Structure formats: structure tokens, C-alpha cells
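Shared chain: subunit A. Partners: subunit B in the first complex, subunit C in the second.
Our next item is the complex of A and B:
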């Protein structure tokens, strides 16, 4: 009981609040500095989406709590210290509301981190898609073409195979498949090279090609993952090998038990509840320059039998079925007049999209109430002093 | 104090958790499959590795003499499927490079080059590649219908589009600037893999080497003696004959390797001596027909185009286009009179000059003989000039040279002037 009280006192203390807020400041500072050497994605992952991490200050390795842990403890601290333990009265109503707003803000962060997806859909004029793909995460998809034209996909998320860095494979199994898929030599950034007579590859040569692991790019989205895959048939144990590469144009096709399967390593894909077709992409340059002044995409949103034209421009996203599609970029960057251009629409699927706004309103209301009361009290005391 | 202890506990827990490194699992159970309609996705099952990776083995492998390793199309293997060719006379073979399966210097000028590129799939499609090449020679893109109407020729087992462009060469990356360059190419775009044979260089050089380009294109075959990709024995696919060269071309299109330009650049055109017919040339401003036997002369500033009208190259004819009235018809003709040492003309003399329709307006033709006070260069004994005032521009055609030679070209000169018209 004593221990419980001790924990309660510690977790609800103002001292802990101060330490956690200070720690958040330090994390922000270190994370900002780290971006000199590392890309934004890696920094976010290491400093802000982690429970713990090791910060290297020169030769010294310092274990530190990540922002996820700090914010989790801060949420507990505010609930216990700022709501449960706090005196409830008219005088503290504004502060209580503010604390609720802060907790809601932390909750929005939690939802964003764990239950949101973001990526992009990139289309040339005339193209359409009902999926968007992640900028950062990979997956292995096992495809089957169904008779009705649809695809059946069995997905292995990156977490299932990203640690199979060496020759020892990880086995991916599914009850729906007549084979196991073994993944080995996963590399987060690799290129495929043909085996030439003067080349001695470090990794196995398959069908005249081998995977060449290369240094990670600073910007994570520029990395192209690769791995060696082996299909092992359940009946008979026959093996088929191939290289899977993130930039492959077509899946590797294997035939097992008379049935054809496609296997590919690709950016994580998300299905949208509607189809976006790019009708027209407009780019307006500054006079006598190649620098774009504005660019926008005229798209048709197809949802079932319904079609509607929408213009997506830089400050006017499309919001539909919980997804937000922003005009993000275009390309190719080295395109010259007359070259066909593609439009990239950033897609965000975040259930907590509007939560920060609501949280800020709640916090603002609480602060206005609190400081209005304080101001009134101050004026009153000034008046009584004067009289 | 309690808070500090708590923070210390958190840090200690963190340190211990970091110490426990994650290990690769030996196996994973995958989640249930999902079924959906993949909009806009075209899967090509059984695509070979080269197509999947978009890399031909020969992009990296060193080329052997007279052959590079095939591999990007149709799952070809090395060995007897290695690609071979007949090197045209005077051409120099270069090592293959990335995206250059076969790589050559064209005879006559080391700036002129020719290379074969193999890419997986349709490589963006025919129109995109044609227009990419047009952009490289500063030409506007062709529409879908125009691309579809490009002449087709049998090559490597398929029907390749043949292009012949001329203009201001800006290079692959837009960082070059070469006036009067010409690009001749074959584009074989197929879902199973695409091949591109491209020759580019100064117009004079390319004009001379078009026949060699044609012969080279037809000579590609694999080590087993098969025309690469079509399975036909090499002996059944000899270099394209003139008949073959016209086979499949749209009506009015000259034979492959003749002077036709699928849309010229800045008034770039040329007539090949062996062309049986004269074709319409055009640039952004004008269209015209070069009389038979005229050959393209060197480019000069202020001139839209220059021709050498006789075999000896002594008769020069060129076209100039100026803004506004360019000083007026009479003033310009009198300037020519001064150059030739002839008497100045009056308005009354102008009314007597031969008239000819030029570019939608009435032009006048003047014939001036060299006088004693001529300032023109030696050898310019006779001048034929034509002036036409267009709506916002003035069009001038001038021919000079030895008297008899110019006289002999008089009719051709008039026809040339008549053929000029504003570009569509």
C-alpha cells in the first residue's frame, strides 16, 4: 500500500511534470541537431517514435527515454496530478479544462502514431488508381489473379522480414498458400546488378543477377529495399529462388501446384474506398523561369457508380471518406517542355486529423477562463487596495 | 526526490530494454489474404528478370567485338543469343555503356554517334519516346495521330517507327547547344521490351550516313544467325533495300534514309541526291519544297535555310525572313542592285518585274547582272532575287553564282519561291 502511494505521489508530482517537459525540450533539440546527419524519417523514428534509444554524444553512448515514453508518462502525470489529485473548485476549473485539452492532444498523437497511414498516389494524365503507397515502409505481397479479374493479396509487412539480414531466412507462412516463402539477405537499400565475368558478388547470383547492398540514403524514401526469396512447396519441398527488389517493374512469377503466383517487394500499399483518375495536371511557371508558380490536378473521384470532378491544388486538398489528398509534388524534376508530367498526391488517413484543432480549442478555452478569473481577481484586489 | 527516483527508474528500464537486441524470428504467420480490384495496374506474369529489373545484362557487361550480350527482351540468354551486327564502313565501335547495348562513332565526325538501347516493357510508350527525342532537337511534340502516322519499318521482328528530325540539338540533358543537327532513329516499342536505335550528329554527316544507318539496323542478328527477336534466319533479313525502305511508309513519305524530316526545326531541311521524289520541308515558320538536285548548304546567321543548287556548289540560294517590311521591297532590291553594281530601280521598274505567288502573297522576282561597280564576291555574276511582303514579315530568296549556272537554275528558283508558304 505504501509502495502504491509512493508511486502515485511520484507520478502525480509537479516535479515529474517539470522533468518530462524538460526532457521533451532536450529531445526536440537533439532531434533537430541529428537532422544534420540523418533524414527526417530516421530522426522521427529514433527520437520521437521510440520508447528508449541511445544517443551518441561523440564517443559517449547515452541511453535516453524516447518521446513516446516521455509523452506516455506525461499523460499519466497530467491525469493523476492535473485531474485526479487537483483540487476541484471554480478557481481551478480553467486549469482542469486546460489539462483535459493537453491530454486530448497527447491522445491525438497516439492515434496518429498507431492508427494512421500516409503515403502518396502518383499518376500521369489518364491514369487512375484506388491504392496509395507508403513513402517509407515495405511489404512483400503474394498475388493471385482471380477469375473475376480481382487480385487476392497475402501481405507480409516489413516487420515480418526486416530482421532477416543474413543468410538465415525467415519463413513466411499462410494457410491459404501451398508454399512457404523464405526471405533472406534483406537489405534496406540495394541495387540489382547483372553478374559480369569480372564481378565477384558477395551475395548469391540468381538468374544472372545479384543483389548489391549499398549505403543508406539520408532521405529514407530514396532507399530501395531488396531481398532473396525462396518458394518452398509444401508438398515435395521443391524450391524456386529469385531476387525481390523494391524497384522491380513486375512481380516474380512462380507456379506452384499448377497455380500462378506473383511475389513482389513493394512499398506498403493501402486500399482507398474510391478511385482517383487524373484528368489534367496544370503547372504554371513564374515568367521566364522553370520554377513553378502553382500546380494543380483535375481529378475524377469514382466511388461505385458515382463520379465527380475535383480540383486538388496546393492549399485545397480533397477530403473524402476519411482520407485527405493533398497536391504534394510533380515530376519528373528534369522534365523539359513537352515531356509528360506526373502528379503526386499525398494521401493521409488519420482518424485524429482534426483532434489537435479540438484540443487547442479546449486548451484555449481553459486558459481564457483561468486568466480571465485571475485578471478579475487582480482588478478586484487592486480596487480594494485603493479604497 | 520521489520524482527523481521515478525518472531514474525509467532510464534504467530503458537501458535494460536496449540491451535486449531484437532477433530475427524464424517464421511468421501471415494474415488472411484480401481481395480487391486493382485499378490501373497491369501485371505481366512470367516477366523475365531483365524486364522485372529494367536492366539489360549488356548495360553493364563489356561489349565483345561485333556483339553485345542480349538479354533484356524476351528472356534471352547469353551465348548464341548475343547480338551481332555489321559495322558500316568508316564507323568506329565504342565500348557499350549503360543504356547503350551497341555504341558507335559515325564516320566523318566524332561528334556524330549511334547507339542501340534496350529497355524493359514499353519504356514509357512510343509517343513519349518520340517526343523526348523531338525535345532534344528543340522540336514541338507530335500529337498522338502524328505519332501513329510515323512510317513503320520491319526491324528486329517487329514494326519499328522511323523518325528523322532536324533542329537545334540540346543533348540528353539539355546542356548542349548545336545548331543544325539531325536525329535519325528507329523505335521498336513492345510490351515485351523496347529497342531504340538512334543516330545523331551534324546534319551534313548524318545526311551522308543515313544509308549506313539503314544497313546497320538491318544487320542486327543473334549469334545463331537469326535476326534478333524475330526468329528469322539472318539471310532472310538482309539490309533494307530501297523497296523495303519504302514498304509500309505513308503516301508521300520518302524512303527510309531519304531527306524527309518528320517536322523540321529551325528551317532545317535537306535533299538527298538519290531521293526519287522531292518532299515538303517545314519549320516553325515556313514550308517549302527543295528542287531535285539541290543540296543543303552550310547554315549562316540570318538565313532560314541555304541550298547549293548545282553539283559544283557554286550556285547558292538562301531564304531570309525579316520582321515587319524589312525595309521594303524597293529598298531591298536596290540594295541588291548596289551589291551587283547595277542601276537602281524605280517604282515604275518594279511594276514591270515578274510576279510570283510566295507564301500567300504576291512576290516579285528580279534578275541582276554583275556590273563594273559590283561589291559582291567574285563569282557572283548573276543574282536572282525574290521579295514577298507577308502580313507581318518580309520574305527574301536570293540566288547568286556564275551566270550560266544561275541561268540554268532559273526555273527551279521560281518553283522554289512558289513552293514557300507559311507553316501550318
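Our next item is the complex of A and C:
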């Protein structure tokens, strides 16, 4: 009981609040400076989406709690210390409201981190799509032509094979398939090279080619993943081997039990409940300058039998069926007048999309209430002192 | 016909080289200005609209920032040492180029840059100003070196290489200006080509006259080219057009010709080069443009006679203003001229300085009431001028108060001074008034320094993502107000630290308590704006980029401010920080604000690329160094003092009691 009480006191204490806030500040500072040398995606994973990590300050390795752990404990600290334990009175009402807002904000972050998906759909004028693909995550898709002409996709998300970093393979199985797929030597950034006479590859050579794992790019979107795949037939155990590479133009085709399958490593794809077609992309510069003034995509959103035209521009996204589509990018950057242009629309599926706005309102109300009250009290005491 | 255009185009393509060479030659028969410009001439020139940096602005603004870029200030000196304002300087460069070539307007910070281009000039200091004529013999080497250094990233260039590169850019821009009106200076003779005399009805042709017939001439050239009997005429025709093209080459820098259509139909203004290219592609040039070109010709040709020059300038002005007004682009021009003439920021800076001097006197002679009122009036006046400047800028640009880094400095100065005046009004203890004078002065000095460093129009167009008045008005304003209040708190905290370190007012515990309360109050104000501003920034990012928080350096900087302020507030509430601790931590918090405000811009990474800055390392690190040093010294001093007090207390306790010793530490509120 004493231990429980000690834990409660510790978790609801102000000193813990101070330590956690200070630690979060240090993490933020380190994570900011690290971005000069390391890409944002890696920094985010290391400092802000981790429970623990090792920070290297020159030759010294310092174990540190990650922002996930700090924020989780902070949420508990605010609930216990800032809501449950805190004295409830008119004087503390503003602080209580502010704490509710901050907890809501942390909750929004939790939902975003664990229950959201984001990616992009890139379309040339005249093209349409009902899927968007991830910027960062990969998947292995096994494609199979069904008898009725439809295409069936069996998907293995990156989480299923990303630990197959060495020669020991990870096995991917599905009851719908007559084979198992073994994945080995997964590399988040790799290139495929031909085996020349002067080259001694570190990884196996398949059909005269091998996978060369290279350093991660600073911009994670530029990394191209690769892996070795082996199809092992269930009946008989025959093996077929290939290299899967994220930039391959065609899937690897294998024939198992007289049926053809396509296997590809690709960016994770998500299905949208509607189709978006790019009718026109407009980029305007300020007069006599190369500085962009506005970008916008005129799209048609097709959902069942209904079609509606929508303009997506900077700061004016499209919100539909829980998805939000933003004007993110365009290209080709070296396009000349009259060349066909593509537009990249960032797509986000985040159930907590509007939570920060609500949290902001709650926090602002709380802070204004609290400090206005304090200011009024201070002025009153000044006046009474003066009189 | 396309073949003819291609043939001409290939000829014209070589002309940029010729133009460069032309620019280096002397104008032998150009007049010199014998008297200063009349007030009316200057007024006409200042209010002549020009499109530059994506917006329509007065020529005076263009002149001012162009000269600032070359010379490091918005005025210069003539050969005889007479001070020249930016508009007069620009008029001289445009219409009296040989005279202006003698003005020392190219500031070079290190003479090694001059030596690197092969020049050896006697009597020059390490940092000095050079005339165009002094640089002229080394122009080829200068451009050659600049091309070489331009291959490198800016951060990889040495200081000298960077200076050579900057000088080359300035000289290139300058050459474009001094040759801008070459097209207008003298008509071309065609007396030796009777066929052309027939076309034009005279034996010499001005640029504007040539423009009326250019599509016809292109057709004519097509016909003459294949006619052996017209061989010489054909060559002369090509030469005529070549020369006109050469004269207009480089005029793109100064777009003085407003389109005759509406802004919606055509946003970009014209230069003679644009009109020439359009006519060359066989589009006939509308009469109003021809009239404008003719007016420029008259202006250039009348530069020898001040009265004629003024009349010609009035004609150009009237034509330009009428068109600009018809397009609805002139409304803000007079206001912008008035804004710069009023010198809000300089005058405010002077008033803050006077306020500071009064405040210093006020502390030395506390019984002299006049000093208090002098300080109050100066600081209130200075604050009113900064706020006025911010309001006028909002009116000119039709934007919320903060949309550039320069404007954050003005806004922080304004909000900081207003906050301190409110604190003074509540407390009436003279301290907030004094801090307002110092803070206002420092921030406006920084604003002036930043303007000189940046050397660009401080009211620029914004990139697409920033082009939203709603988010600029909410997020940017709130976060900048947070900077202001946080710095006010840091400034008051520094006063606490310094007074304590030097034992000032050590017998007046209410003074320390007052400073502590002021620090806390400002910090509370800062916290509200920092937190709300940061979250609003996240919401804006969610609307623009699809994510609330991306751990981008600028976002992180804002979060660090919030966290620093929250730590201080909570530690104070828990009693871990008392008077001294609050002051030390709040002073440190000022450096967190500086890191977020300017420090992250130096990292050169992240989505907020529009805020990247360079050249402020020294100022920033000086602030960090001084602030951290002061805090460290004060902490050591505090610890020593406390140890001594503890020892005394212990000694008294051992002896069996004695009078209570007042501690150096106050209680948290």
C-alpha cells in the first residue's frame, strides 16, 4: 500500500512534471540539431517515436528516454497531478481546463501515431486513381489472376518482413496460395547490380544480379527497398528465387502448380472510397519572378454515380469520407510551357484530424481564465496598496 | 516565316555577349548633370510606379533597396562628397551614367576581393567603397571568377569568394541599370538604305518608330533575304534590328511599362526588351506602349536641360500613373512613399535612445520628476511610431502585421514596448519604463541591422503556402507576441540578476519582489501566446501539409519555448524556483526564444525554408554567450552568498541563538 501511495505521489508530483517537460525540451533540441545531418524520418523514429534510445554525444553514448515514453508518463502525470490531485476551486479552474486541453492534445497525437495513414496520389492531367501510396512504408504484393478475370492481391505489410535483415528468412504464408514466400536480406535502401568479374558481392547472386545495400538517403522518400525472395512450393518443396526491388518496373512472375503469380515489392497502398481524377493543374508565379504564387489542382471526385468538381489548392484541402487531400507538390520541375504536368496530392487518413483545434480552444480558454484572474488580483492588490 | 524568326533569334542570342561588352564601353557624348534635381523632378521620379519583386512599388523604394544592396546604405556620395538620396542616385545612373560611374557605391568588406580580380588600387582601406570606373578594368576577370565561385554552394565559398560573387552580382545589376535607356538615347541612321527611308519616311529612326514597323520589317527581311539584288539592304536591315535588340538587352531589370489591360488579364509589367521580343514575333505593339517608349526617348534626350527633363519626366509620369490607376495598382504608392519619408523606424529608434538617456538620469537623480516624464514621453512616442509603422505597413501590403522575419523584429519591439508600458502603468515603479527603452532600442537596432544584411525589399511577395491572411493574422501574430512577451520577461529577469549581482537596492526587498512579479506576469502573458500560437501553427500545418506536427526545426523551436516557459511556471509553483531561480531561468529562456526565432533558421533544414537566414551567427552567439555567462556568474555568486549565509546561521545557532538573518531568497508567490 505504501509503495502504491509512493507511486501515486511520485506520478502526480510537480517535480515529475518539471523533469518531464525539461526532458521533452532536451529531446526536442537534440532532435532539431540532429536534422542537420540525418533525415527527418530517421530523427523522428529515433527521438520522438521511441521509448528509449542511445544519444551519441561525440564518443559518449547516453541512454535516454524517447518522446513516446516521456509523453506517456506526462499524460499520466497531468491526469493524476493536474486533474485528480489538484485542488478544485475557482482559483484552479483555468488550470484544470488547460490540463484537459493538453491531455486531449496528447490523445490526438496518440491517435495520429497509431491509427492514421498517410501517403500521396500523383496524377498527370487526365489520370484518375482510387488508391494512394505511402511515402515511407513498403509492402509485398502477390498478384493472382482469378478465373473471372479479376485480380486478387495478397498483401504482406512491411512489418511482416522488415526484420529479415540477414540470411535467415522470414516466411510469409497464406492459405489462398500454394506456396510460401521466404524473404531474406531486406534492405530499406538498395540497388540492384550485375555481378561483374571484378566484383565480390556481399549478398547472393541471382540470375547474374545481386542486391547492394547502400546508406540511407536523408530524405526517406528517396530510399528504395530491396530483398531476396524465395517461392517454396507447398507440394514438393521446389524453390524459385529472385530479387525484389522497389523500383522494378514489372512484378516478378512465377509459375506454381501451372498458375502464374506476380510478386512485387512496392510502396504500401491504400484504397480510397472514391476516385479522384486530375482535370487541370495550375501553377502561378508572382509577376516577373520565379517565386510560386499559387498551386491548384482542379479534380473531379467520383463516388458511385456522383461526380463533383473540386479545386484543391495550398491551404484549401479536400475533406471527404474521413480523408483529407492536400496540394503537396507538382512536376516535372523542368517542364516547359505546354508540357504535361503532374500534381501530387498528399492524402491523410487521420481520425484525430480536428482534435488539435478543439484542444487549442480549450487550452486558450483555460490559460486566459487563469492568468486574467491572476492579473485582476494583482491590479486589485496594487490599488489597495496605493490607497 | 518561322525560319526568319529563328535566324533573327540566333543572331539575337549572341547579343547578350555584345551587350556585356557594350556595357563596359564609355558613353562619350552623354551630358552631365550640372545642378541638383528640382524638388518637383524628384517628386515625379519617386512616385513613378515600377513592378519589381512581384509587386508594384514606387521608384523611390526600388532605388532605395537597390542602392542598399550595392552600398550597404540607402544613400551615397558624389565625387565631391555631396550626399545623394537613392532616387537621385538612380536617376544619375539611368540618365547620367558616366557621371554616376564616379560615385563610390560598391561596398567591399575585404580588399582581398578586389585584389582577387587583379585590381591594385592605392589608398583604399580594408573595407571600402569603389566606383564603377575603378572596377571597370577588371570586369571580365570579376565575372570569370564569379562564374567559378558560383559553381560552389554558398556555404562552401570562402569570405573572399563570396564577396567577389556578391560584387559581380551588383556590377551586373548596375550595368543593366546604366544601359537601360540606351535604346532611347539616339536614333539610328538609315539614310544609306533608300528602301528603309521609304518605309519610315525619314532617314533616321528611333526605337519607338522602329517598334511600330518591326513586324513589317521581319516580313521584309524574309523577302529581301532571297533576293540577290537586295543583299546589302538585307544586311543593313538585320543590323538595324540587331542594334535595337542590343539596346534593349538587359532592360528586363526595370519594368516601368504597365500593361494596358486589366491585372486579371495580364499581371506582368513590361520592359522595352519584352515589347521588342513580342514585336519581333510579329505582334504589333499597341499605340500606348509606343507612346510610352517615345516618352522615354524624349526623357533620355532631354537630360542635358533640367527644365526639359522635368517636363519629359512629367509626361512619362502622367502616362504611367494613368495606366497604373486604371489597373487599380496605384492606390498604395503615395502611402508607401510617405511611409519611407516619415522614417518611422529611425525616429522611433532615436526616441527610444532619448528615453533610455532620460531613464538613466531618472535612476541617478530619482527626485527629478522631469526625467521620469521625459522618459515616459520619449518611450510612449517611440512606441507609437513603431505601432504606427506596423499599421501603415499592414495598410500598404493589405496583410496582417507579421509576414517576414524583418517584421517580426518590428512587431516584437512594438508589443514588447506596449507590454512594458502597461506594466509601468500598473506598477508605476519606473523599472518597466526603463526596460522598454532598452528593449525597444535593441530590437530596432537589430531591425536596421537585419534590413542592411538582407538588402531586400522588406515588403516582399510571399510564397504560395504563406499567402493566407487568416493564418498570418492568427498563428504568426500569436507566436510573435509570445516572443515579445518572453523577451520582456527575460529583460526584466536580467535587471533582477544584474541588480542582485552588484548589490543594487539590496536593502529594499520590495524592489526584488516587484521585479520577480513583473517577470512572472510577463512570462504568463508569453505562455498564453506561445502555447496558443504554437498549436495554431500546427493547425495551419494540418491544413497546408496534412499533418499537425512534423518535428520540423521551426516547429520544434516554438515547442521548446512553450516547454521552457512551462518548466519555469511549474517549478515556481512547486517552490523549486524562487526569486533568484525564476530570474535565472527566465533569462535563460530568452536564449531559447532567440534559438527558435533566428537560431533554427541557420540550420538550413526543414519545411520553413522561407525563413532561412545567414550572416547572423555573430550576433546570435554573442547574445547566447553574454546571457549564459551572466546567468552562470549570477548562479555562482548566489551559491557563494548562500553558503556564507548558511555558515553565519550555523555559527549563530551553535552559539545558542541570535537575531534572525534575512535570507537572500524570497518566497514563491
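Following the convention adopted for this analysis, the second predicted complex is superposed on the first by the 347 of 387 C-alpha atoms of A that agree within 3 Å, B and C clash if a C-alpha of one lies under 4 Å from a C-alpha of the other, contacts with A are read in each partner's own complex, and residues count from 1 in each chain.
One rule holds for everything that comes next: contacts are C-beta pairs under 8 Å (C-beta built on N, C-alpha and C of every residue); 3 or more make two chains touch, one makes a residue touch a chain.
Fair warning: this is a prediction, and the values are worked out from it, not measured in the lab.
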After the subunit A overlay, clash or fit between subunit B and subunit C?
-> clash
Identify the partner contact of A:319: answer first if only subunit B is touched, second if only subunit C is, both if each is, neither if none is.
-> neither
Classify the contacts of A:88 with the two partner chains as first (subunit B alone), second (subunit C alone), both, or neither.
-> neither
Examine A:15 and indicate which partner it touches, taking first as subunit B and second as subunit C; both and neither are also allowed.
-> both
Could you tell me if A:239 is touching subunit B, subunit C, both of them or neither one (first, second, both, neither)?
-> neither
Counting only touches as set out at the top, which of subunit B and subunit C does A:339 meet: first, second, both, neither?
-> first
Look at A:380 in the shared chain and tell me whether it touches subunit B only, subunit C only, both, or neither; answer first, second, both or neither.
-> neither
Who does A:105 touch here: subunit B (first), subunit C (second), both, or neither?
-> second
Any idea whether subunit B or subunit C touches more of subunit A?
-> B
Subunit B collision site on subunit C, chosen from 135-143, 207-215 or 603-611, when both complexes are overlaid on chain A | 207-215
Using the superposition on A, tell me which residues of subunit A are in contact with subunit B and, in the other complex, with subunit C.
-> 15
Contact residues on subunit C for subunit A in the complex?
-> 51-55, 252, 255, 267-269, 426-427, 461, 463-465, 467-468, 471, 517, 521, 524-525, 527-528, 531-532, 535-536, 538-540, 542-553, 556-557, 559-560, 563-564, 566-567, 570-571, 573-574, 576, 592, 600, 603-606
Listed in rising order, subunit A residues that touch subunit C in their complex are 14-15, 17-18, 21-22, 24-25, 28-29, 31-33, 35-36, 40, 43-44, 47-48, 105, 108-109, 112, 118, 286-289, 291-295, 314-315, 317, 324, 326, 328, 346-348, 353, 356-357, 359-360, 363-364, 367-368, 371, 374-375, 378-379, 382
What residues of subunit B sit close enough to touch subunit A in their complex?
-> 2-7, 10-11, 13-15, 17-18, 22-41, 43-49, 51-57, 59-62, 71, 77-78, 120-121, 128, 131-132, 134-135, 140-141, 173-174
Residues of subunit A defined as touching subunit B within the complex | 6-7, 9-11, 13, 15-16, 19, 51-54, 63-65, 69, 73, 123, 127-131, 142-146, 149-156, 160-161, 163-166, 168, 170-174, 176-177, 180, 192-194, 196-197, 206-209, 242-243, 245, 247-253, 260, 262, 271, 275, 334, 336-340
